[in-house]
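This structure is in structure tokens; I'll ask about it shortly.
A, B, C and D are the chain letters, set down in written order, and residue numbers restart from 1 in every chain.
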Amino acid sequence: MATGRFHGVFPYLVSPISHSGEIMSEVLERLCNDLIAAGVHGLTPLGSTGEFAYLNWAQRRRIVEVVVRAARGRVPVVAGVASTTIADAVFQAREMQELGCDGILAILEAYFPISDEGVCAYFTGIAEAVTLPVVLYTNPNFQRSDLSLAAIERLSLIPNIRYIKDASYNTGRLLSIINRVDGRMEVFAASAHIPACVMLIGGKGWMAGPACIVPEQCVELYEHCRRGDWQAAIELQKTLWGINQVFAKYNLAASIKGGLELLGYAVGGPLPPQPPLSPEGIEEVRLALANAGALRGFAS
Amino acid sequence: MATGRFHGVFPYLVSPISHSGEIMSEVLERLCNDLIAAGVHGLTPLGSTGEFAYLNWAQRRRIVEVVVRAARGRVPVVAGVASTTIADAVFQAREMQELGCDGILAILEAYFPISDEGVCAYFTGIAEAVTLPVVLYTNPNFQRSDLSLAAIERLSLIPNIRYIKDASYNTGRLLSIINRVDGRMEVFAASAHIPACVMLIGGKGWMAGPACIVPEQCVELYEHCRRGDWQAAIELQKTLWGINQVFAKYNLAASIKGGLELLGYAVGGPLPPQPPLSPEGIEEVRLALANAGALRGFAS
Amino acid sequence: MATGRFHGVFPYLVSPISHSGEIMSEVLERLCNDLIAAGVHGLTPLGSTGEFAYLNWAQRRRIVEVVVRAARGRVPVVAGVASTTIADAVFQAREMQELGCDGILAILEAYFPISDEGVCAYFTGIAEAVTLPVVLYTNPNFQRSDLSLAAIERLSLIPNIRYIKDASYNTGRLLSIINRVDGRMEVFAASAHIPACVMLIGGKGWMAGPACIVPEQCVELYEHCRRGDWQAAIELQKTLWGINQVFAKYNLAASIKGGLELLGYAVGGPLPPQPPLSPEGIEEVRLALANAGALRGFAS
Amino acid sequence: MATGRFHGVFPYLVSPISHSGEIMSEVLERLCNDLIAAGVHGLTPLGSTGEFAYLNWAQRRRIVEVVVRAARGRVPVVAGVASTTIADAVFQAREMQELGCDGILAILEAYFPISDEGVCAYFTGIAEAVTLPVVLYTNPNFQRSDLSLAAIERLSLIPNIRYIKDASYNTGRLLSIINRVDGRMEVFAASAHIPACVMLIGGKGWMAGPACIVPEQCVELYEHCRRGDWQAAIELQKTLWGINQVFAKYNLAASIKGGLELLGYAVGGPLPPQPPLSPEGIEEVRLALANAGALRGFAS
């Protein structure tokens, strides 16, 4: 079992689905094993990259089941819970705990605008439904809701809401959060931020799709940061950033799935009508992987 | 059975749900009957006002079942189909046809941005899965996708995509659509538009939540427009607009549910974390209903 | 001098400028004369189409001087006043009154966000600096400020703030304004709205760039609306809308200037770095003018 | 004369203006002297904080005259040039060079949307009009234009366009810029970014309003970064960030002017209708200054 505080590199796992809608468990399991072998510190199924917004409950449940089984307690599994209603989110969170997850990545979906009051009620509802630690997730680029600093501060007082993963592009916002909640809540970077910068200001790691395809390099970057070797960190960071730049241009799930296909994982494309990665996109991913030294070894 | 072309007033039905998540079929049936008695031309379950984005599939299915049974073929039932994936939307649409609906209101949900290509694939997929007429739905205020004029023109060539309901606030856009697709596709107004104006430029009616609580007045407005009595239409329109103004201030589902409660329909509140209508909101709705003459009779 | 209430068609005049920055007064004067001969009800220099945001004060002053002289009191001249500061706006407004204008089109420019308090202080400052009637202008598509309904209501209590011209695309907003300020303030449509619709709900006319190139058709449309002949109005409106659709695709000033060049007015292009109308744009304008019957006569 | 490459801390100077619109040169001069004594590496009049968007040309010219005279060549003066037209920007830039500035901070104002083509024409026009080094400025939060990565790359090929100051909040964008133009163009942070993070990824310094009121602390932070003492840097950074958080809540110019008043500089308020700092705002600034140790010494 994986205990202690979450830290380090948590890849957002893709969700490999067949044309008939089945989870392709074998390739997902192999990916999990290889990521753990590469040294990642946790696994995060059902984030944005995991296409949570495109999967039904049965598919989501199956994904988590496969990942928990593959992890075998070697690293913590933090699974995404996403809904528009408190009732459904509570149901999902309890199921995730039942399935053996080590943490909940709590995502709020919304159709109509929602007040801080409603936002806090949603996340509090999830936290109180489980005993697991909860990671708040916010991604204003794709979501119709956001977490204000005041809401984050309020939520940080709930005992098992212990982490936040913010994908806003606004790194200064992370420092504002750290200044307000330090000690009660810890910050993870997203692929929208520069991991080395977030580590510098006090972040504990990052949760991101690209870590699926360059796990060893991510772990190395994390180690540089932990040791305070910022010179080495920034050198490596510059190379790895090329991968983020490519992914910012294309559909996120398509990009990571496309990269994994290049590396020998037959994970398929994203769920239609999301488009698969274009030939130009594939070429850009290949180049970025080559620059990062990620085409040697891992895929062989 | 309801045949012929859709036209006139189609209330977006609310979805009355108990605390335990059960559809409260009795009050929903009574509302349907009263609306038909008031002269509405169709019923539209699972639009925005119907909280489609907050219901699971079992709840959605049940809502439609109740509405179809209540309508007894007196007016057409056009049910909302909403998903992020083509596969799920096709499944839903087929079920709706099976349940006896007369048309599909096709809604595209999206998490990642989506190209015109993907948008067209989604709506085409739905249209080809059923023999029913399809109404395109677009609401850029709440949705992460939109329908470009070029995509609308392309989709208008699919034989059973015959209507569009646009909730963009931009009435000029409706005239641009009419100019481009006239003859192949017909336009319905949303509550974001002034119905009398949309009728003037060639619209065929409107689909809107407020029609749930002022159905007779809406039907009267529609009749004025049909007869070309624009003076009478605009007079009535100005009074009815007060209701739209109130609803624009609050959560849409909360407002219509709150208004229905005032009128004697125990439909409950919207699904949490959506807030129920505040006391001030209830007062504003009451005033707007009184101004529109909707507190007499209907609720007694 | 032109007295009485403003109503009808007010073309937004282009600002013809030579490469060395001189106002080309001859062509501007001819345009004014031809527009008056075509029946327009007023002239509006220094609106968006007049590139107010691209001209220095000397150029703005000269434009108004030429237009006032050309109008010779036959129709009212309502000149744009636009600034980021109250002091400068007051200066401009007084100068415009001195130059013989009949009204002020008051435009608020902003760099930093501004509260309703500041917005009201700005427009009140202008109104109190002159005895002329003031038209509030708001264009949220291009501006960094907007006028809330509450601010509009407050400003409608200033005696000489008597009109509003809103370019928000949201026609329902105009009806909300009319419902709130009717009697104290009158509404003009912009080219973002469908003029016939705005007339139907109680508007008094429109201020728009396209009226420069189809003035007779605009006047005819206005007359249909005034007579309550909505059938004839909407027929003509549909044809004229084609012109608005073209202009929505390109830079507004470039389009109107391009259209005027086609009609024989050598007004030049917009000020760089704004691009002149592209060859495809010119072709689209030509087609739209032809469809509207505006290539006969006027230009010969 | 100040030669060599720009680097380090460049405070954005406020523009002290009397009620009658006169530049208050004495207090501005004293501020410049004190900032230089505190060790800043350059002075930047007419940035956002300097209210360029609220000043007329005579005021802008006078501000720069005073600053250049005060600097006496001890540090470089990089003055803001901002316009909507190329012609006016070229005029301003030449005047700035004539006045003895050491660099141009080039700002593009826009009313209508503008293509990359137009953006590049504007900045190229400025660069070719002077022999001084040019700093590209972009602030998508307040401006209607933005600089795409492609446009930045193109502009980096112009020999005297040698710096970019980006205020987008998106620190990852800075790394993308550095990866694309490294060697030809250097990056300065804005107060929207965390300076220590920008230094870590290769930035050369920062241009920001807050440096007016905590100049010694900013210089100390810069020195930590230069020495590679990231631990000391981030410690100090966390304290200084409190000041940025305060300023993000209020009007930028009002905040810096309010802070300077607290420190004994009678610079007045921002130009109306911008509001002066509220009493709560003054209190927050006082607290942030106290936390940063900036209320000792400097103001005495």
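Rule of thumb we're sticking to: a contact is a pair of C-beta atoms (placed from the backbone, for glycine too) under 8 Å apart; a residue touches a chain by one contact, two chains touch by 3 or more.
Since the model is a prediction, treat every value here as computed from it, not as a measurement.
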Farthest chain from chain D, going by mean C-alpha coordinates, please.
B
Using mean CA coordinates as chain centres, what's the chain A-chain C distance in Å?
51
State, to the nearest whole Å, the distance from the C-alpha centre of chain B to the C-alpha centre of chain C.
36
Which residues of chain B are in contact with two or more other chains?
none
Provide the full list of chain pairs in touch.
A-B, A-D, B-C, C-D
Going by the contact rule at the top, pick out the chain A residues touching chain B in the complex.
21, 48, 51, 53-54, 56-57, 84-88, 109, 111-115, 117-119, 121-122, 125, 142, 144, 251-253, 271-275
Give the list of chain B residues in touch with chain C in this complex.
169-173, 175-176, 178-179, 192-194, 196-197, 200-202, 228, 230-231, 234, 237-238, 241-242, 244-245
